[in-house]
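Below is the structure I would like to discuss, written out as structure tokens.
By written order: A, B and C. Residues from 1 in each chain.
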Amino acid sequence: MEYNWDWSILVQEPYLWWLITGTGWTLAVSAAAWCIAVVLGTLIGIARTLPNRFVAGIATAYTELFRNVPLLVQLFLWYFVAPEILPAPMGHWIKRDLPLPEFATAVVGLGLYTAARVSIQVRAGIQSLRRGLAMAGYAQGMTVAQVYRHILLPVAFRVVIPPFTTEFLTVFKNSSLALTIGVLELTAQSGQISEYSFHSFEAFTAATAIYILITMTVAAAMSLVERRLPAVA
Amino acid sequence: MYRSLGTALLSLVMAGSALPSRAQEAAGTLAKIKAAGEIVFGYRETSIPFSYIEKDQTPKGYSIDLCMRIAEEVKQKIGNPVLKVRFVPVSPQTRIPLLINGTIDIECGSTTNNLTRQEQVSFLPTTFITGTKIMVKANSPIKSIDDLVGHRIGLPQGTTNERAVKSYVDKKKLGVGVLNVKDHAEGFLALQSDRVDAYSTDHILLAGLLTKAQNPEGFRIVGDFYSYDPYALMIRRNDADFRLLGTKVLADLFRSREIEKIYRKWFQPFPNNAKVSEPPSDLLKASWELNALP
Amino acid sequence: MMSDLQLILQSLPFLLEGLGLSLLLTLLVAVGGILMALVLALLRLSGNRALSTLAATYVNFFRSMPLILVIFWFFFLVPLVIGRPVGSFYSALIAFTLFEAAHYTEIIRAGILSVSRGQGWAAAATGLTYGQSLRYVILPQAFRNMTPLLLTQGIILFQDTSLVFVVSLSDFLTSVTIVARNEGRLVSMYIFAAVVYFAICFVASRFVHQFEKKAVR
């Protein structure tokens, strides 16, 4: 194998700056999408366990819809299709006047997709303790809202915190798909360095190392948080 | 034009390890063709109108026609009137390695002749001259990159065009937004759907894109050339005999002005859209003159 | 103007070819990935610390990488190692197999662990060797337990194959994109793609669900 090694290109201008901004975009997309996913996913997960058939049905439909279409196709739907089927001024606003249109589209697409995954975890978390606890609450004369507010959710959240952090790592990896709609995140930047400098090996190694480093950091933080959480019987 | 992933590395490997032995073995392309009873053309599938295929799957185009002339001359030279022509598809990533390792004998596509590539391969005289330009919607006031301040331009990632535009923008410190796209179709789409105000690549490829548009009159190609891209047929390095043969065939075409006929067939108008026509530029005509060696 | 339906019907042979490639890639990667994962899982449970650490490192490494980056890696590595250009399909096949093997390993490991220790001891007591007890006692039960998860991972894998789009390998999504761009019908073609993916994945996941119910009994 003949290969002209040169690790120094990674700290050369402009490649070092590309790696830094790439990492920045990756983290920004991941963090923003994760926030959407956690909030929306929690609401949908709760909705799926509600006694109201209609609400639970819609929530279930959301989950099924969003987890049975590949994320890449969903991104294309948001990027290429959504602005065209909306009323023209609104479509134009999304494409041009929205600050950072590609970034925003990636965040929304990734967030809605991940929300479906989160909703499954939340639902499982609530169902894992539902029967007895909820029955006890209802027997006391509590309303559905009170049962969720005071009994189910506080306990369920302790169960789902670890999966939430795992989901962050999933979003973090999936954020690389944003490159298909023009967001220059870490994977895109490493590809670009490889194209410009011909040093693919060094460029991809750098990106790989950054992904692993961040994953390990998040995983370590996660186990720290988990240890502090009170145990659930 | 793409310098995509892997291209470079493939070439590096070839240049590093495989080249020395294979270059010697292929020292005589003519000898190789004679022994095999066939000449192998590398062609592109979508470089309209240089080298492309349509539903009938037969490669055709300006560069293919020129290569055919060379094949005719080879027939005479090696005295084999039934010499076969075989076609092998190549991509920007594979064209150089496949030429070096002997899979193809000549590349008939739309490849820019530049000095970096000449470290690995050789080129026949220039057959077409293009360069980076920008395309805008017909009703747009934009006439050059300088007018793009406060607007957005689409650029094909990893191409010489991207570099040309970016360095121009940086040099003049213009505030121009950039959308990176994977290929020309995507870039043209971004322009059509108003995601960007301009799209940039080689001017002839812009013209080719127009042939596929539903409404070619809705767009204009504007501005100066922001880079210089002379296209040429690509052959192996260090093969003086084959190179001489190719140069002679092209010089004959240039001198007899037959080149103009071939050019008209493919560019005036484009084969698949009579509304798009590209007369030869003065620069290209001058290049034909200069290479019409006696 | 052709209607959207006409366009889809007219391009159907081309689109089906793309879908065939997606399904073929899914099948080959699933088989290759599961076989490789079986070896990795056994290494992890082998009791040999070096081997088990090696397998664990492999799994953690690939599980912390984005699939697109893995695809990029192998598109440049495979030809480099082989020394000549290979079709994109083979590069993708290798990249996906190595990547998915890491994900399958965790499923298989959990599946093997789900078979109670007592079974292994019982097998050993009847004079079966380690290999025999794996082959005849533990793995059959483990595979029955983990089949639903393996199938679900297969559905995820099918969705993941759409990522070969980034290297222009003509899978279903790439074929749809080609038609969409040539004809200027992005809206209808991408909606069509979403419907097809949804139909396949939804039906498959219902099937897995039924299977799961039956298996649990």
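The working rule: a residue touches a chain if its C-beta (ideal position, glycine included) is under 8 Å from a C-beta of that chain, and two chains touch if they have at least 3 such contacts.
Since the structure is predicted, the reported quantities are computational estimates derived from the model, not experimental observations.
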Exercise. What is the minimum number of touch steps required to go from subunit A to subunit B?
Worked result: 1
Problem set entry | Chain pair with the greatest number of C-beta contact pairs | A-C
For this session: Averaging each chain's C-alpha atoms to get its centre, pick out the one most distant from subunit A.
Result: B
Problem set entry | Whole-Å separation of chain centres (CA-atom averages), subunit A against subunit B | 42
Problem set entry | Rounded Å distance between subunit A and subunit C, as computed from the means of their C-alpha atoms | 21
For this session: Please compute the C-alpha centroid of subunit B, do the same for subunit C, then give the distance between them in whole Å.
Result: 39
Seminar exercise, completed: In subunit A, the residues touching two or more other chains are 1, 3, 80, 84, 180, 191, 194, 200-201
Problem set entry | Residues of subunit B engaged with two or more neighbouring chains | 5-6, 9, 13, 17, 182, 189
Problem set entry | Residues of subunit C engaged with two or more neighbouring chains | 72, 76, 80, 166, 186
Seminar exercise, completed: Listed in rising order, subunit B residues that touch subunit C in their complex are 5-6, 9-10, 13, 17-18, 93-94, 97-98, 101, 182, 185-186, 189, 192, 212, 214
For this session: Show which residues of subunit C lie in contact with subunit B when the two form their complex.
Result: 72, 75-76, 79-80, 83-85, 166-167, 181-182, 184, 186
Problem set entry | Parts of subunit A lying in touch with subunit C, wherever the complex brings them together | 1, 3, 64-65, 68-74, 76-77, 80-81, 84-85, 169, 173-177, 179-180, 187, 190-191, 194, 200-201, 204, 207-208, 211-212, 215-216
Seminar exercise, completed: Seen from subunit B, its contact residues with subunit A in the complex are 3-6, 8-9, 12-13, 15-17, 152, 157-158, 179-182, 189, 193-195
For this session: Can you check the complex and tell me which residues of subunit A touch subunit B?
Result: 1-4, 80, 83-84, 92, 95-96, 101-102, 180, 182, 184, 188, 191-192, 194-196, 198, 200-201
